[in-house]
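One structure is given below, encoded as structure tokens.
Chains here go by letter, A, B and C, matching the order in which they are written, and residues are numbered from 1 within each.
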Amino acid sequence: MSGTKPKTNPGNYFEDFRLGQVIRHATPRTVTTGDAALYTALYGNRFAVQSSDAFAKAIGYPHAPLDDLLVFHVVFGKTVPDISLNAVANLGYAGCRFLAPVYPGDTLSTVSEVIGLKENSNGKTGVVYVRSTGYNQHGAEVLDYVRWVMVRKLDEKAVVADQKVPELPSALTPAQIGGAVPVIDPSAYDGVLAGSRHSWSDYQAGEMIDHVDGMTVEEAEHQMATRLFQNTAKVHFNQWTEGQGRFGRRLIYGGHVISLARALSFNGLANAFHVAAINGGRHVAPLFAGCTVFAWSQVLETAELPGRDDVGALRLRTIATKDRPTNDFPLYGADGKEYDPAVILDLDYWVLMPR
Amino acid sequence: MSGTKPKTNPGNYFEDFRLGQVIRHATPRTVTTGDAALYTALYGNRFAVQSSDAFAKAIGYPHAPLDDLLVFHVVFGKTVPDISLNAVANLGYAGCRFLAPVYPGDTLSTVSEVIGLKENSNGKTGVVYVRSTGYNQHGAEVLDYVRWVMVRKLDEKAVVADQKVPELPSALTPAQIGGAVPVIDPSAYDGVLAGSRHSWSDYQAGEMIDHVDGMTVEEAEHQMATRLFQNTAKVHFNQWTEGQGRFGRRLIYGGHVISLARALSFNGLANAFHVAAINGGRHVAPLFAGCTVFAWSQVLETAELPGRDDVGALRLRTIATKDRPTNDFPLYGADGKEYDPAVILDLDYWVLMPR
Amino acid sequence: MSGTKPKTNPGNYFEDFRLGQVIRHATPRTVTTGDAALYTALYGNRFAVQSSDAFAKAIGYPHAPLDDLLVFHVVFGKTVPDISLNAVANLGYAGCRFLAPVYPGDTLSTVSEVIGLKENSNGKTGVVYVRSTGYNQHGAEVLDYVRWVMVRKLDEKAVVADQKVPELPSALTPAQIGGAVPVIDPSAYDGVLAGSRHSWSDYQAGEMIDHVDGMTVEEAEHQMATRLFQNTAKVHFNQWTEGQGRFGRRLIYGGHVISLARALSFNGLANAFHVAAINGGRHVAPLFAGCTVFAWSQVLETAELPGRDDVGALRLRTIATKDRPTNDFPLYGADGKEYDPAVILDLDYWVLMPR
């Protein structure tokens, strides 16, 4: 290889991607109890299964697994240098399944496959669809999801011959989820220790829950979180550049909002100990340091898992806002179409609870 | 259980408590070397026993125990959702004994008993006294203390028939402390490595020590600390609400001040490797981010521990201030009665030192 | 020992040091995966060997070693209370060699020898030269370096009879480095996972690499880092005092800048997995919170390691700036002599790469 080529990572442009291309991402990462402690310090999560080895063991885990969203962020972070370094916008994600538990000491790595490419009519950008899969050190899949981003072309005249828009799952079915939870013993699940006496059968489709509490975000916090996940997206860290940009501020990683909303949701969903799948999510508006995040959830659906009577599933829609309490469940504005200006996240996902 | 009742935690109001009531608190917590690293990053503590496995082993521990105050904060944090969510004021604590060492990997949980109830004459609030006990995963007591808080009534007409003001210990005796320290070999205790050649016999009752150094507190730091302890008191995290409140600021967790003062006290008390008991403490004034904390201590008493010649005890009074150095030992104002306006903490506790 | 002497650490003044004096520093420190997680959260480092047990094992380590600069900071931090508490200026360091790998669970301690003393002509200060050595719990040397600082005299009339200016190595030779890296299997080193296909032979002396990315520093971040390293230099933590000082601000620990520059250098030097030596460094200007750090590097030299064909060495000069991108490789100002005012660090060091 020549020493004269730039050795820094220029990222991939739209025309660099090929349908069916498989990308092994850099920086395998051993996740530890150190990461778990930082995750707690950053979000204040209190779900008993992830918080306590003793609790996890009692119901059937070998010991406490790592938080599902910590795993998601670490797996996701690896894709940034290859997929979204030249992204104009993160358009969406879908079909995210948690497939195996991840424990302290496991090493995570990520591989992506390009499953769709669609150039925009302006000839300057295109949409790249990838399925990314996280693996542990044994080669077992721990997580997969589809993500699509709008990426710049470097050479507007470049032709991407083979294009395709993939079919995206609108939501995962109960049969597709639960792989990351061993069969548990619900009778050993201590609701008092877990923080709630409400079990799966207490929740009903349509039910709305205000999570009450608010959490103010500081620059140091979201930067530390995003670096912990080894996510290198420049907009989160560089005030010199962002100060001259559209917002004049560093933009907070969207995953930080998801983790905050999940931690806040403990108040009302304390027994929803596992995020089993993310059907889709929309980062409706950016979040900046100094804002206070609130959240509320609606139960979209309750479901049994085929062949399992230890846990049941709730499909949730969780809405996060900034600088606006959620006791009146804000979602849309006066016109009933546009989001309320305070809404920053609209997330559709499955959680599991003991039955 | 009905799905129509609110599933969020409303906390307990004064009339919800009963004398003799036992409350098992939520969220057991496995504490790890990750928590220890964060504790060091947040407070900068340098006591050799907690900092070094090799040092701890040399004197008789199996390996380095976790910092005593980290244990306190974790045990304490669990009580907040049940005891003080609707508190008007934290009035005091007393009789806090450290009963067994806690090591990385141990799981902590907390149980409280209501030992006193006294309605205030205004009929709107009452004082709740609880004895809280922290346990490890083997069911051994690691910590207990009494705390009393003023709690709102939800229904002012509610009658709390059975009331009682418990007797509170003014200070623990030397015979009651030391259980969290195995018998150590003082000849293997290396004072140079520990940072001081002053052993227990060098300290005298009445002696005053300025701890010299100052530590400025940032919002991100106290929020991360308080979340690490899974303490959910709203005033520490929610600038949106607090910005409209009495102070216009997030209030820093009182325990954060105690841990800062303890870390600062290393300069002058480096061999006081163990906090054996907290006799009582008063958070004289609130602390806010941006302020710089200083501390000084007075030796109130020196004591032998019955039956032990490996360690001796010092009863200390440590005073922390904000934005005021402590070289002149500030305590009371000009009238000699009211605290100096810079004082934020007045703490009475026992520490152990090698003999 | 008398209880009437002040028990706080006054630090050493110039006249307190003696040629040949050996100082065992306080606070042995067990470094853990918790420290590694915090280091990642603070700097965002992504070198695969330190990030992944699986990657490290594949090439020949027993598991992932701790980051070299984390080890440096911990070893260095211990010297502050004895060497530089009364320092006027940190003048330089040289000949820093990483001698053995450090793994989570190891306990680090530091011993310094005074190798030079030279009083300044003003009679108020003198320069103290020390060689500091970091040891693990087995007594093996893991790191050594020479550092010189200008220290105040307490008594200007005190005479320091025995003075000497030691010879300082201008740079370490390839024969002197590499001890901290076991013989690795370069064929098992996966460049895709490591984040770069550029191996040692791709780099050429004279080559300049802009590391592109910028990182903004927050007060909470540098304070947490510096406390994690148990570095007690007052200027980093005490806004009350520093606010009245020369800069009106807390000064950021110089080692924080080195770690940021090293983490940024991943973009262009991803396979430079080990810092083998620091030949010397200059903190050209102070860094304050709110500034954004950028970095670029020049390859000064490429070298084989005598007797090893698994790894090769690059001697690098890395320049860090504040609030100025480095795409035009800023170094000197218009006069070609003085540093560009944006430059904050000029570091000369050896890194190792697989061959």
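Here is the rule we use: contacts are C-beta pairs under 8 Å (C-beta built on N, C-alpha and C of every residue); 3 or more make two chains touch, one makes a residue touch a chain.
These figures come from a predicted structure and were not determined experimentally.
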Neighbouring chains common to chain A and chain B, by label = C
Superposing rotation of chain B relative to chain C, computed on C-alpha atoms, to nearest 5° | 120
Same-site or different-site touching of chain A by its copy chain C, using the half cut = different
Cα centroid separation between chain A and chain C, in whole Å?
-> 36
Can you list the residues of chain A that touch 2 or more other chains?
-> 32-35, 37-38, 218-221, 224
Contact footprint of chain C on chain B as seen in their complex = 32-38, 40-44, 46, 48, 51-55, 64, 192-199, 202-204, 207, 209-216, 218-221, 224, 267-270, 290, 292, 294, 323-325
Mind pulling up the chain B residues that touch chain A in the complex?
-> 1-3, 6-9, 24, 26-30, 32-35, 37-38, 81, 105, 107, 109, 137, 218-221, 223-228, 230, 232, 234, 237-241, 250
